[in-house]
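Following: one structure in C-alpha cells, then a few remarks.
Per-chain numbering from 1; labels A, B, C, D and E assigned in written order.
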Amino acid sequence: MFANILIYFVVIPLLMLAGIALCRNVRQIRAVAVTGSLALIALSVVVLLQYLDLRAAGETAPMLFTDSWTWFEPLHINLAVGVDGISIAMLLLSSIIVFAGSFASWKIDQPKEFFLWLILLSVGVFGFFITVDLFTMFMFYEVALIPMYLLIGVWGSGRKNYSAMKLTLMLMGGSAFLMLGLIGIYYHSNPAGGQLTWNILEIASRAADAEQCIPQGWQMVLFPLTFVGFGVLGAMFPFHTWSPDGHASAPTAVSMLHAGVLMKLGGYGCFRVAIYLMPYAAQELSYIFLILTGISVVYGAFCACVKTDLKYINAYSSVSHCGLVLFAILMLNTTAMTGAIMQMLSHGLMTALFFALIGMIYGRTHTREITKMGGLMQIMPYLSVCYVIAGMASLGLPGLSGFVAEMTIFVGSFQAGMADYLGGEGSLRLVFTIIACCSIVITAVYILRVVGKLLFGPVQDDHHRTLTDATWWERLSTVTLILCVAAIGCFPNFFNNLINTTFSPAIFAVLGM
Amino acid sequence: MDVTVPILILAIPLFMFLLLGLTGMKMSHKLAGTLGTLGMGTVLVLAYVTAFTYFFGGAPEFIDAAGNRLQYLVFDQTWLAFTQNLVIKIGFLLDPISAMMLVVITTISFMVHLYSLGYMRDHHGVYEHGFQRFYAFLSLFSFSMLGLVVAPNIFQMYIFWELVGASSYLLIGFYYRKPSAVSASKKAFIVTRFADLGFLIGILVLSYYTGTFNFTDFTSSAVAGMEGVTQVNIHTAEGILNIFQSSPAPMFMGASVLTWALVLIFMGGMGKSAMLPLHIWLPDAMEGPTPVSALIHAATMVVAGVYLVARLFPLYLMEESALMIITVVGALTALYAAMVACTQVDIKRVLAFSTISQIAFMMVSLGVARMDIHHGLGYMASMFHLFTHAMFKALLFLGAGALIHAIGSNDYTDMHGLRKYMPITHITFLIGCLAIAGIIPFSGFFSKDEILSSCLGNSTIAYVWMSAVAGLTAFYMFRLYYLIFWWKEHKVHEGHHAPHDQPWVMSLPLIILAVISCVAGFIPFGNLVSWNGVPYDFMAHFNWSVAAVSLVVAIAGIALATVMYRKENELPAKFKNAVPALWRWCHHRFYWDELYMFITHRIIFGCICRPLAWFDRHIIDGTMDSFATITNKASDAIKPLQSGQVQMYVWYYLIGALALGGITYICLL
Amino acid sequence: MESVGSIILYLIVALSMIVFSVAAVTTRKILRAATYLLFTLFAAAAVYFMLDYEFLGAVQIAVYAGGIVVLFVFAILLTSKPGDNTEKLTSKSRFLGFVAAIATLLIAGYALVSRCAQLFQPKPEMVTPDMETVGQTLMGTGAGEYLLPFEAVSVLLLACIIGGVVVARKR
Amino acid sequence: MDYSQFLAMKQELALLLVFLLVFLYDTFLPKKAQKGLPVFAIVLTLAATAAGFCCHCLGSACNTVAFAGMYETSPVIAAIKGILNVGAVIVLIQSIKWADSENMTMRRGEFYELLLVTLFGMYLMISARHFLLFLIGLESASLPLAAMVALDKNRYESHEAAVKYILTAVFSSAIFMLGLSFLYGLTGSLYFQNIYFALTANGSANLLLILSVAFVISGIGFKLSLVPFHLWTADVYQGAPTSVTSYLSVISKGATAFAFLVVLVQVFGSIYSSVWEWMLYALIILTITVGNLFAIRQRNMKRFLAFSSVSQAGYIMLGIIADNAMGMAAMMYYILVYIFSNLAAFGVIGAIENATGKVSMDNYNGLYKTNPRLSFAMMLAMFSLAGIPPFAGFFSKFFIFTGALNQGSVAIYVLVGIALLNTIISLYYYLLVVKAMFINDTETPLPTFRSSCSERLGLWITVAGVIGLGIVSWFYSSLLELAQVAPMNMYFIG
Amino acid sequence: MEITAIYYLVPALIMFCCGVYGFITRKNMIAMLISLELMLNAVDINFAVFNRFLWPGQLEGMFFTLFAIAIAAAETALAIAIIINIFRAAKNIDVRSLNEMKF
C-alpha cells in the first residue's frame, strides 16, 4: 500500500494531525504545519515530475500511479487512487494553499484545534483529488466539508453561527443529492451484467459504448443529481448563497482554503463524475446548467459591484469565477475544459490571495467595510500592492493567471458556440459565451471600485494611520501565492499541456470533441 | 537578423520594471531615475538600430528585389496553445509600421524618461513621492507598448493591449491620494475594458473562421524560400473573405460576419484611441503626471487603435462598410473634439481633445483609404500623421508640462503672457502649434495634407469636413498659445518666484522634439511605409491645390485666433454670448460624461446591480432561508402532537393504525 | 339450527357483555366500573363455556374475575378517597374517544362482515378438549404444543413480580 | 417430548443463567459483597456473549429450528444477539456509577435482573417463529422496562414516564393482539411459516388482512417508535434514568428492528407488494421527518436524543425494503453502529448528569473549554449519528441507502431522496449540540470534572467503535457474509 | 337462527371499542386499566371464537387466550404497581395531570 506515492497525500496530513495532537506549544504546531505543508508541496512536485516523465515516455493510460486496495469487498468498494494532469494540478494548488494558509493563520487563537481542523479538511481535499473510487471520493468530500462548520463557528466573525450552519447545511444538502446520484451510478455502472463498480476509470472506459455505458435514461436522472450535488459546492446559481455569508464569517485561512481549494472540489467533481461518466446526458442536459452557470457568471459579478463588505465582494466574485468554471466544463469542448481547470487553479490562487489580504487588512483595521476605509496604500503599501496584484489577476490582466484561464475558456466556449450556431443547433452556447465574456468588464468595475475606495484616495480613518504593514509570515504567505499566480500567467502552456493531455479520447469521442 | 536585439528591446524595459518595481523603494530616487532612463536609452539605441537595419539595411528579408518592403518574423515562441491551430505566440514582427512605431515609442519614451527626471521633483529639488514607482511604471508601459506594436498575431496584440491599459491605469492613478486621479484611472480602465470586450469577441469571431491569430495569415502571403518572411498581399485577405462568405451563415443581423468581426475589433481601437463615444476617459486621464500624458495619452497608446486598424488594413479593405463606419466615427470625433477643444480652460484638456481630434484624423484617413485611391494613400497618410503627431503632440504636452511645473496649475487663467519668462518653452510650444496647425514646412502640414488628399479622393464631403476641422484645429491651438503666452501680462503672485524656464533635462527633450517636428515632414515616408510595402513616392502625387487650400484654412484659423485672443478683448465673450447653447454644449463636452454617469450609476448600478443584489439577498437567499424557516414552522405546527397526554398518544396511535390500514385498503380498491 | 334455549342464552350473554362493558366505561364511579368489569368478564367466561372451552372458562373466572378484579378493587381502595370517585369528562375528550371507538368499530366491523362467507358458517363439530389434551398441549414440544411459551411466560411473570416489587417498594 | 430441543437455545439459556446467578447473588449474598454485583453482572454477561459467539463460531448451530418451528436460530440471529449483548454490556459499564449512587443501592440488583430479563425477551422476539412466543418476548422486553423506567425514585419525571410507558405499552399490546386475532382468524395458525403459506395460497388483499397487518405493524412499531406510534418515546426517554434511556434507545430498538424484519419477511413476505409496501414507505417517511422536526426544537438532551432515535429508526427501516443480504447486513450494521454512536452520546450525557445533574443543551454551552475530552466524544457521537465520515455512521448510512436502492424502482429513489434530505435536518440538530459545546460562550460553563473509570471505559469503547467500525471493513463484511448464508426465508422475494 | 361466528365477534368488537373509548376518555388510571381489560378480553374472545368456528381441529386460539390471560394479569399487576407508585408521588391518579413532559 505504501509503495504508491499518492497515498502519502493522505498519510502526510494524517501524520500532521497526529503531530499537532501531540504538540505542546504554538511553535511546535507551526513547525509541524509548515513542515507538513512543505512536504506536501514537495510531494506534489515530485508527482508532477514523475508524471511528466512517464507521459514523455509514452504512457497513454488515462491515469497514472493507479492502484487499488480492497476495502469493502462485498460492495466492490476499493481505495482506488490514480492521477492525471488535472488531479496533479489540483494537488499542487491544494498544497500551495495549505502552505500559504498555515502562514496566514500564524497568530490564530487556539492554534492546536484550529490546525487540527484545518488539516483534517486538507485530508479530505487531498483524498478527494487522488481517489478514483466514487465511494472513497464521496467520503473524502464530506470529510473536507464538515470541519468548515467548526472552523467558521469557532474562529469566525460576524454572523458566524448563522453562516456556518447555512454553509454546512447547504453543502450537505448538495451532498445528499450527490449521494443519491453516486449510488445510482454504482447500480448502473455495468448494465451489461458484469460486476458493478465504483471505479471511475472503469465506468468511464465504457462511457463511449452505448451498450455498456450507464443506460441513457438513467444518465438523464443521475447527471442532474451529481451535477447539482457538486455544483452547490461550486457555487452554482441559485445554490450559491452559502458562499457570501460563509466567506464573510470565516477566518482568513479558512476562507483561503475554502474558496481556494474546497470550491474546486465542486468543479472537479462536476467534471470528473458528472461529465466524465455520463457524457450522453451531459450533452443532452448541458443547456439547463449552461443557463444557470452563465447566469452565475454575470450575476455574481453584478452583485459584487454594489457590495461594500470586502469579503462579500470577493465571495460574489468567486461565484462569478467559479460559475465560469462550471460554464466552461459544460461547453464539452477540450479547450474550454482546459480553461476550466486553469480557471480553477487561477481562481484558487488569486482568491486565496484575496482572502489572505482581506484577513490581514481586517486584522488591522477591524472592519471590512470599504466605506470605512481608504488610502490604505499610504499606510500599508505592501498589502495594498498585493491587493492590486490580486485584483489585476482577478480582472484578467495578462501575465497573471486570470487572463490565460479566461481566454482559454472564452476561446473554447466560442468554438463550441459557433459550432452549434453554424451547425444549426441553436445559438444558446454562443449567446451565453458572449454574456460570459461581458463579465470581464463587470469584473473590472467591481475590482477597480474596491481598489479605488480601499487603497487609493485619502485616508478615511485617522486611527488607521498608526497601523503597520505586513509581517514576515504574511509576506511569505502572499508572496507564495503571487508567485504562483504569476507563474501560471507567464508560462501557461506548461499547465495547458499538463491538463490538455489528460482528456481521455474515449470519453470525448462520445461528445464529438 | 539576430534575435538578441529584438529580444533585448522587449526584455530591457521588462527587466527595468521588475527591478525598479521590486527594489526601487530601496534605491535612491536619483539612482532609480537614472537607471530607468539609461535602460530606455539603451532600448532607444537598439530600436533605432533595428529600424535602421530594417529600412535601410537592404537585407533580402526586409526588402525584395523590386524594392517592396517585406514583413519579417524575427522570432515566434508558443505561449499558449488553445488548439492545434489557435496558438498564442509571443513573437516579434518587423515590418514598416512596427519599425516606425519602434522609433516613435522609444523616442518619445526616452524623452519622457529624461524629462521626468526634472519634472517629477519640485522647485527645491525634492523628488515626488513614488518617483521610483513612476519609473517602474514607465518601463512597464514601454515594454507593453513595444510588445503591442511588434505583435505578429492579434492575440499577442490583445495581451499587450491589456497591459498598456493596465499601465495607463497605474500611471493615471499615479497621484493616488487625489480622488479625481483615482476615479479618472478607473474610468480609463473600465471604458477601454468595455471596448476590449468588443475587441475580444472580434478576435474570437475572426479566429474561429480563419483558424489562426497570425496577422500574416490574414493579410500576407509567404515569400518563397525565406523562413518567416511575408509580403502583404490582397489575395490573402480575399481568401479570408471567401472563408467567411462560404460559411453556413455568412450574414448576421443584416451585416456580414466579417464586417461584424472587423467592427468589433475596431471597437477595441475606438476605446483605446478615444473615438466617440468611448472617448470620455481621455480628457480625465490628464489627471496623471504630464509626462505620462505626453507618452501614453498623446503619442503612443492612444494611437494603438489606429495601429490596430492599420495592421488589419487589407482585411478592412475587404469590407467597405467597415471602413465606412471608421470614417464616420472618425469624422464625427474629429469635429466634436475640435469643437470642445475651443472651449476648455485646462490646457491639458485642450491638448487631450486635440489629441482625440488628431487621432480621428488618422482614423478617417484609414477609413477613406482604398487601393484605387492613390494606391492606398490614406494608409500611408495615417501612419505619417501618426508619426508626426506623436512628435509634435509630445512636444506640446511636455511644453504644457513645463508650464504646469512652473505655474503649479493646469488652467490658462493662471498663466497668460508667459513668453518672456519661459522663452524656450515658448518657442518650442509655438513650433508644436504650427506643426499641428499644418503650416508649411512643419511636419503636420505634410501629413495632414496627405490625409486631406486621400479624403478628397474618396468623397468631397469628407474632404470639406476634414478641412474645416483642420481649420478649427489651427484656431483652438493658437487660442491656447495666445492665452498662455500672450494676452495680458503675467502677474507674479506674492510669495512666488517668477516663473522661469526649466532645467536642461526638461528643455532638452523639448528642443529635440521641436527639431523633429520641424524636419519630420521631409522624411520620404511613402518610401518607407505603405499599405502593401510597395514604395510610394507621394511627392510625385502631391496635390498642390489641396495643400494650398489647407494652408489657407490653417492660416485663417490662426488669424481668427490672433484676432480673438492675442490681446485681452471682448470678442470671446461676444462670441460666447452669440451662441450660448453651442458654447455651453461644447464647454460641457456635449454632456457625454453626464450621459455616462447616468448610464453607469442610474442604469447599471441602480437598475441592475442593486436590484440584483437585493434579489440575491432576499429572493434567492430568502428561499434558502425559507427552507429553514419552513422546517421550523412545521416543527411548531406539529408540536401539539406531543401534548404530554397519554390518552392523546394512544388516540393518535389508534387512528394512525386504522388510517394505515384504511388508506391502504382504499388505495388497493 | 340452534335450540331456542341456546339462542336465549346467547342473547343474554351477548347483551350483558355489551351492556356491562358500556356501563364499565361510562359510569362515573370507579368501583362500579370494576363491578361492571367483573360482570363482563363473567359474560366472557360464559362465551367460553358456550364454545365448549370449559377449561378456558374456568381459568377466566379464576384468574380474571377472581384475581385481577380483586387486584383492581384493592388498587381503587388504595388510591381513591371517598368523594373523588366521580369524574367529569370533558366533551372534547369524549368526542375524541367516541371517534376512535366508532372508527374502530366501523372499520373492523366492516372488515369482519366483509368476510361473511367464512364467518357465517355454522359452528362445526368439535370434541371438547379434555384435561389430558390440554395438559399435553401445554407441556409438549411438538407442533401446536406450548412448552416453550409456557416456560417463557414464567420468566415474564417472574420479571413482572420483580418489577412490581421494585416499583411498589417504598424507598 | 424432546427436551433436548432446549439446547438449541444456547444464547437464551446462557442469558437466563446469568439472570439466575445475578438474582441469587443479589438475594443471598451479604450486603458487603453487594459492591461486586455490577462487575459480576458485567463479567457474566460478557461471558455469555463470548459463549454465544463461540457456540456459533464452532458451527454447532447453523440454522436450527426447534420446537416444531416455534424457535429458530441461525448465524445471523446469533450475530444480532451478540451485538445486542455487547451493547448491553456497554450500557452496564456506563451505568456503574449511577447504579452505585446512594439512592440506587437498594434497587441495584433489580436493575440488573430486569435488564437481563428484557434482553431475554428480545432474544425471544428475534428467535420466535410463533406469534404467541413472539408476544411473550415482546411483553418481556417491554413490561419490565416500565419498572426500570420508574427506578429513579427521586425524580417525578421517572414516575410519570413509567406510567406513560406502561399505559401505552399495554394499549399497544391490545391492538397488536387484536391484529393477531384477525390474522389467526384468516389463516388458522400462529406459526409464522403456516401463516406465510396460508397467505401465499390465498393472498388476495382484504380489509381484514390489511387491518391485521396494520395492527401488527403498529404493535411492533410502537416498540421501534415509528411515527405515529412513537409518541411515548420522548417523554419516557426524558423521564427514565439515563442508563435506562440509553438501553431503551439502542438495545430495545435494535432488537425490535430485527424482529420487525423477521415478522415482515417471514409472515407477510408474500403479500409485500400487495399490502404493506406503501405502508412501510409512508411509515419511513413519516418517522424520519416527524422525528427530525421534533428533534430540532428540543433543549433537553435526553429528549433530543429520543427524537433523534425516532428518525434513526426510520433509516433502519430502509434496510428492510432492500430485501436482500445487502439490506439485511446494512441494517444489522446500522444497528451496530447506532448502538455505539448513541451509547457514546448517552455515555457523555450520563457522565455529565452524574457529575452535575444537568441534562439541558443550554448547560452544555462552552463545555469544550472545561471538559474537552467529553465534548470531543460527544462530537464524535453526533457526527457519527449525523453520518459524517470518517465515522462509522457515515458508512452505515451509506450502506443502508445503497442497500435500499438495490431495488432500483423510482419510488425507492424518491424515498431515499426524501431520507437524504432529512439528513440535512438531522445534521442541523446534531450540529446544534456541537455548537453548544464548541462555539457558544457562556458565563457559567459546567465545571471541570473527572468522570469515573467506568464512564471513561464506556466512552473509550464506544468512541473506538465509532471510529473503528466504519474504517475497518471487517465488521460490515462479516455481517454481510452472515447475511448471505441466512436462511432463504429471511428474504421475501426469492 | 344459526348462531355463527359473527354473532360472537361483533359483541366482542363492541366490547373492544368500549375499551378504546374508556381508555381514551377516563381520567382515572385505574379506570383506564379497566377499559384495557375489556379490550384484552375482547381479543381473547376473538381468538376462542375463531378457533371454535373456523379452525376447530386445533387449539392454538384457545391456548393463545390462555397465555393472554396470564400476560394480561402480569401487565395489570405491574401497571397497578406503577400507578400506586405515581399515586405516592403525585397524590392523585388523574392521567391528565401527567403532563410534566411534553412537546
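By definition in this document, contacts are C-beta pairs under 8 Å (C-beta built on N, C-alpha and C of every residue); 3 or more make two chains touch, one makes a residue touch a chain.
On a predicted model such as this, the values are computed, not experimentally measured, just so you know.
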Steps needed, at fewest, to go from chain A to chain C via touching chains | 2
Going by the contact rule set out at the top, which chains touch both chain C and chain D?
-> B, E
Could you compare the number of C-beta pairs in contact for B-C with that for A-D and name the larger?
-> A-D
Chain closest to the middle [Cα centroid of all protein chains] | A
With chain centres taken as the means of their Cα atoms, state the distance from chain B to chain E in Å.
-> 96
Provide the C-alpha centroid distance between chain A and chain E, rounded to the nearest whole angstrom.
-> 65
Using the average of all C-alpha atoms in each chain as its centre, how far is it in Å between chain B and chain D?
-> 77
Report the inter-chain centroid distance for chain A and chain B in whole angstrom, where each centroid is the mean of the CA atoms.
-> 37
Would you mind listing the residues of chain C that make contact with two or more other chains?
-> 93, 96-97, 100, 104, 107-108, 112, 118, 144, 146, 149, 153, 156, 160, 163-165, 167
Chain A touches at least 2 other chains through residues 169
Got the chain E residues that touch at least 2 other chains?
-> 16, 19-20, 23-25, 32-33, 54, 58, 60, 63, 67, 71, 74-75, 78, 81-83, 85, 95, 98, 100-103
Contacting chain pairs, sorted by label, are A-B, A-D, B-C, B-D, B-E, C-D, C-E, D-E
Sort out for me which residues of chain A touch chain B in the complex.
-> 166, 169-170, 237-242, 245, 299, 302-303, 305-307, 334-335, 338, 375, 377-378, 392, 395-399, 403-404, 407-408, 410-412, 414-415, 418, 421-424, 434, 437-438, 440-441, 444-445, 448-449, 452, 455-458, 492-493, 496-497, 500
Complex contact set, residues of chain C against chain B = 93, 96-97, 99-100, 103-104, 107
Parts of chain B lying in touch with chain E, wherever the complex brings them together | 639, 642-647, 650-651, 654
Within their complex, state which residues of chain B touch chain C.
-> 647-648, 651, 654-655, 658, 661-662
Which positions of chain A touch chain D when the two form their complex?
-> 71-75, 77, 135, 138-140, 142-143, 146, 149-150, 153-154, 160-161, 164-165, 168-169, 172-173, 176-177, 179-180, 183-184, 186-187, 221
